[in-house]
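Worksheet: the structure to be examined is printed underneath.
Letters are used for the chains, namely A, B, C and D, taken in the order the chains are written, and counting of residues starts over at 1 for each.
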Amino acid sequence: MKNSGNIIKKIILSAVFPILMFVVMLIITASNDKCYVNGKLIFLSTDLIRQVIVNSCMTVCVALAIWLQLKNGRFDFSGGASMILAAIIAGNVGLMTNSPVMALLAAVAVGIVLSCVTAFIYIVGKLPIIICTIGMTLLYESLTYLVFGGQGIRIFYSQAHTSVFGRIPGVLVPTALAVAAFVIFTYFTAAGRKGKVLSNNQRAGVNIGIDERKNVFVTYIFTGIIIGLAAIVYVSQNEVTPQSGLATSGIMFSYIVPVFMGTFIGLASCDVVGIAIAAVGMEIMNYGLNCLNLGAGGWQQIIMGVFVLGFYTFSAQSDKIQAFVSRLTKKNTTAV
Amino acid sequence: MKKALLKKISAVLLAGAMAVSAVGCGNSGGNTSNNNAASTDSGTGAGDSGSAPAVEGKKCTIGVAFYQDTGLAVDSTKAYLESLSDTLNVKFTYTVLTQTDEAANLTKIQELISSNVDGIICTMDLGMTSIIQECEAAGVYLGGYLCDYDTSFNTAYDQVFKSEYFVGTAIDGQSPDDVTIGNSMFDSLIEYNERNADAPITHVSMAIFPTWAFPSQQTGADQFVAAVEAYNATAETPITVDPLDEESDVLAFAPLDTTYFAKHADSQAIISFAAGSAFVYPTMVQAGVDSSLKLFTTGFDGGEEANFGTTGNGTYQQNMVTAPESITYPLVLLLNKINGVSFPDQPAEAERISTAQYVINSDEDMAKFQKSCFYTKNAANAMYTPQDVLNMTAYGNPNATYADLKGILSSMTIDSIK
Amino acid sequence: MAKATQHELVIEVKNMCKNFGPTKALRNVDVSFYRGEIRGLVGENGSGKSTITSIISGMQKATSGEVFYKGAAWNPGSMVEAQKAGISMVLQEANTIPNCTVAENIFAGRFDEFSVFGIVNMKKLNKAAQEILDSFGISHIKAEDSINRYGFEDRKLIEIVRCVSDDTEVFVVDETTTALSMEGRQLLYKLIHKLKDNDKSVIFISHDMDEILEQCTDLTVLRDGEIIGHLDRSEMDKPNSEQVIRYMMVGREIGDAYYREDYDSSHGDKVALELKNVSLGEIKNFSLKLHEGEIIGFGGLSGCGMHEIGRIAFGLEKPESGSVERNGEKIKGCFEAIQSGIGYVSKNRDTEALILEGSIQDNIVLPSESELSHTTFISPKKEKQMSDKEIASFRIKCGDGRQWVNTLSGGNKQKVSFAKWTAKGSDVIIMDCPTRGVDIGVKQFMYGLIADMKKQGKSIILISEEMAELIGMADKIIIMKDFAVTKEFMRSKELSETDMIEYMI
Amino acid sequence: MSEKEKVTPADFLKRHVYDIAAYAGLIVTFILFLIFSGSRLSYNMATVLQAASAYSIIALGAVFVYSMGYMDVSVGQQVGVYAILMIMITNAMGGTAFGVVIGFLVILALALLCGAFNGAVAVWLKLPSIVTSLFLMFFFTGAQLLLMESTGTNSISIQATIKPADRNMYNVMLVLAIIVVAIIVTYFFKFSKLGKYTRGIGANEVTTAQCGVNTTKWKVIAYMAFGACVAVGSFIMLTRTGSAGKGTGSGYAMDIMICLILGGMPLSGGMKSKVSSALVGTFTYVLLTNDLTTMGVDLNLINFVKAVIFIAIIMVTCRKRDTILPR
């Protein structure tokens, strides 16, 4: 990313995906009379933009939280659970204080605390990350039954004045913060650089003199911030009920596709842009599917599955990736 | 992915939906006593005697399998049951069933039986045939609550409703046998228009749950349409009803999709037979139409009052819920069985009885409603004292009849709130 | 030996022992290192030279004995600690971090020095890195570039740059030069002499005798974990010094019982394995005929392509063109290779040859399961018999076959990876650095084994970085450089390492 | 190069801490079970047996996959779809015993196919196998929804009798099923190439490959073996209720994973993998749940207690000793 002309070219390359997605969905919907209400094509309603933006913001927040751990070499199951728990607490705080800002602060605070606890158990227990985070997920999920009488949080998002961070323009605030947190950590902080080193050659990194425990802790603090921000968006858009049986990991999985795709698209620019763009593309697709009334059915699941497989297949061919990037446009056409 | 997620948690949301369409609370007009359960002294006497007046029933445990683990409805029901515990000499234990996994439900029931319950109140119609088999095998009685057991009623009537261990069920107001919800929705609409003669609602759209889950809602919708047509025949300002759109108007336990508003662009109000507070209203807020559109819906989640009638955005114009006291029906029947007695007029086969919904149409109704124990989650506001309930049992009161028991279910209306 | 020194003592090792399980890597070693000297450490693999330095520089702990650094007792917990205290070491293995920039590699451990409130000033960092690179005279490496763009050699240099800084007191070079070209070596030589002139201490480990004799000011020879002797510059300058040193290293004249005695390089006529103008990457049209009962040795610097030849011959790498054939059958992959009786002793023992987290028996029988299996059933008894037989015949030092391999010493590990193929009864065995990191006893055993194999008419490809070994064992020695054959030697008494080295560098 | 001293008793203990902790867990839960089941002990035993039957069979199959260090997140949805298909096919064929057989064969074929897919596609496309199973999870979730939507109800029941009327008979049947599967799995895992190779792959794939093992082929076989067990497990689960719905089998994948971890199976696979982990873990897990209910622990607390116990156990069994943090 040295000269700006280069990066612009890259971003344009990346932008191909959502544009393509838009065109494809437009064609599909336009050719389907289900999608016309008294002659108007609902896919092109202003609602499209609102929905895409709102949902993309949610997706971006969660995806960043997942990706921050992934790119540091850890697959963290507990992100979803932390988010749900933070959401519940934040929502209730928000209701009590009747202030979305308080809710946001609470969410971030809780997010950080939970992440730190996870990091602490991970470091002290020296457990394999997946096992450790499965355990923490179970723990946090069980807590959702114990906080606020296990009520979860219902009416936070259904009240216009509390759920501002779930709608335009409010939703842009936490998203922007999340992106900022991610970018600052990855590209500016020492911890971020160390994390990069560790993820690429853990043992060497430690031998050279990086304090891995400290680094993990710092990384988790930033993850916590992002998770908190994701939580506030989530609780502003959804009813949050107590979860169990690792259901939260399902919630997290449901946002992981943009991570895969994002990192792939991101090859053409940087990962944040990639994830954001992937999210937008996905949401355009989702909206199109909704217009086709495939939005919530089995088909949507299957299409998702195909996407996971397809995109991961591409990004997995790491040796050929550079070639892909050069022919990105063509590849995408075949991918969709 | 968002929609996928929603699908994933839809099971939990259904629970929410049922909570909403489930429980309300009030006081029967006849009954003025509102002293706390704990303070009521119950009679004494040998446990199993079925005739002596005001005798204490056999000491027993009853397991209650809820459809979800949290929520106002569950809490107020628990509160009500616990208030009865001492007097009826019943210990209640709770568990939670899933909406979609028979095997899981069976295990839950088995665990209840293992923990030595004498009777079970079940609130989910899933895997009933195997569940009833378990109960028969273990000699445990089973009562239904909030659920119309339509699947079982149609597919396994002999196994379930004819089983001597199934005592019957109280349904949340919409037994497929006598659907009233369509008409009451229509009445609410007309009542609104009379109140707001200057700006009446002339164009509405509807939302229902899938037929496989709540067949009565489809019937209700038809009923509503019919009522509107009858009205239009005479009315000077006719009302248009958008026909049900197979996809967007049938909520598969996932929130309303925003494309709904595009598809019903001219609608002024949504008549939601599905649980609107959980599945319709939030989408309205997200789409920013909550001030322009009105909502008539089953269910009350808590918080609706802030935008009900003339308060707030005035989005809600009608809410419809059921009283937790209706659990008294299966409870009493179970207690009779456990104490080895029955009503003189006990029908041969188990029945499914619909409970009166009560309908919150106006600010006044809402005010009344806020005194109820659903809202306060306080058994002190319950409609029946433990003593009342004991008197409903065949062993607690020789004169008690099945007819009376059925009677209480129809008596729970908004007007019966003091 | 007598070191009437004007130099100040910096490190003193007293009575140090180090055991790896049963094997003794160091036996009561006493040695001192002084400022302003370049101390060469020479000795066969497993003679303990790397062990000493790795203990000094905090990689591992001594079993007994003590170290004094600048007069104070010294036992560092980690390489980091040692480096902070001024003792830094360049390892044999590549130790750079991929996907990061050169600058990040250089300052990986020291980001904090460039950050304010945790925010790194990359400009400053890159600038500093470039300055250091320039000061080392390797300006062709750019600090901002990703390290992936640089080859093995440049990475090695970057490593060196990373661990040498102003406060470096003792600098250990452990067989680094084999990785470097002439140019790279010159850079390194300049560096160590600069350090020496600044009155620092350099410990220099290498197999390259000429290099040692040219660069070092002093020399310490080890054998079997004991100090055999010290030479100072004057002694090193003596004409016959090389022979003397080698004698000290091996302890006897080369060519006695240690290696093969016979010098008949005869072998069967039947071709056991043939490579037909194989090309892969930089290797172009390589051909080779290996006959029954023949030992062909491959020599060269690591990275000369000989290891790749071994992998191709075993079917691990698919040649872009050409073919590998045995008994007229094409070898498409290691599966076919093994079926047709080829065995392969990988140079990366712990990562490729052995299942460390598994028992000796698991490892030995793994290639032979197909033979052991009768209608899907594998009798544990047969397995045990097989592995016990090998354990016995290889005299593997262990409790029993259930002992885990990662609890064994290097030599015994190597025995296990040999045993896999003898158990399988393979007729062609490709050995890649078979005696790397193995003590003399085991070495001798291996050589004996190889000789027997030849007698049994088995064919062997012996790839080795140790020329003595090749001279001692091979019927034919092929020297490679830059992925091409530079010279072939036939077995003869006269053949010496110096003859071969010139074709390698 | 982790050079260690010779094996001391302490080492031995360290190496077997998995099993020790696992069995301890089982014993404790079982004692609690005996105490709290009280008068309904025999009944409750049946309960546990029935709850554990499907889990244990699937877990047994999963041993092959987990011993390679892989995991599968699609089991739950697979079980659901298989159960539904079974019912549909059987009913379509008039609920005859023949129909049941055909139905089972169909799902068996499907299961094997998915196994092959998981194994082979992952290799061909150079994907981590978690991704292929993730794909299968999405795919089967969709399939399950579509199938159920096509029936227009949220629960369909099988018309054939697949469960002995006599409860004891049924329990015996379950016990037999578990034992048989356990024996077969043990045989292939301990006494045949399959087990040895899967463990080898888990411990060090490169080495295993260089020992002439066609890893791709054996991965596929291992996954297919798993698939077979999933099919059997689905059938067993179906016999319990004779019906299936949208959510049938949901959460199985994670439960299986938890069971195996509780049973002391290292998620990294390798030589430490054991068949016993499956049974020990499953019964520990089921007993634990059962105990907590019979003990009358407050609903909202049950999950918390479970979680704490789980963390406690992994703290003992999964602790790594290394200078770097395990990934």
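What we mean here is this: contacts are C-beta pairs under 8 Å (C-beta built on N, C-alpha and C of every residue); 3 or more make two chains touch, one makes a residue touch a chain.
Not measured: the values here are computed from a predicted model.
Participant: More C-beta contacts across A-B or across A-C?
Facilitator: Ranking A-B and A-C by C-beta contacts puts A-B first.
Participant: With centres defined as the mean C-alpha position, give me the chain A-chain B separation in Å.
Facilitator: Comparing mean C-alpha positions, chain B is 38 Å from chain A.
Participant: Quick one: chain A and chain C, Cα centre-to-centre, how many Å?
Facilitator: One centre to the other, that is 46 Å.
Participant: Would you kindly tell me how far, in whole Å, the mean C-alpha position of chain C lies from that of chain B?
Facilitator: From the centre of chain B to the centre of chain C is 78 Å.
Participant: Hey, how far is the Cα centre of chain C from the one of chain D, in Å?
Facilitator: 45
Participant: At least two partner chains per residue is the criterion; list those residues in chain C.
Facilitator: Each of 78 in chain C touches at least two other chains.
Participant: Which parts of chain B, given as residue numbers and ranges, touch two or more other chains?
Facilitator: 4, 7, 69, 252
Participant: Where in chain A do residues touch two or more of the other chains?
Facilitator: Those would be 145, 150, 247, 297, 300-301, 304.
Participant: Applying that definition of touch, give me each pair of chains that meets it.
Facilitator: All chain pairs meeting the touch criterion are A-B, A-C, A-D, B-D, C-D.
Participant: For the complex, which residues does chain D have touching chain B?
Facilitator: Contact set of chain D toward chain B: 36-40, 43-44, 46-47, 50-51, 54, 138, 141, 145, 149, 151-155, 157, 167, 237, 240-250, 289-290, 293-294, 296, 299-300.
Participant: Enumerate the contact residues on chain A facing chain C in the complex.
Facilitator: Counting only chain A, the residues touching chain C are 2, 184, 188-194, 196-197, 200-201, 204-205, 207-210, 218.
Participant: Going by the contact rule at the top, pick out the chain B residues touching chain D in the complex.
Facilitator: 4, 7, 11, 69, 93-96, 98-107, 110-116, 126-127, 129-130, 137-138, 151, 155-156, 211-213, 252
Participant: Once bound in the complex, which stretches of chain D touch chain A?
Facilitator: Per the touch definition, chain D meets chain A at residues 73, 125-128, 131-132, 134-139, 141-147, 149, 251, 254-255, 257-258, 261, 267-268, 299-301, 303-308, 310-311, 314-315, 318-327.
Participant: Where on chain C does chain D make contact in their complex?
Facilitator: 20-22, 78, 314, 316, 334-335, 337-339, 344, 346, 350-359, 362-363, 366-367, 369-370, 373, 376-380, 399, 403-404, 406-407, 409-410, 420
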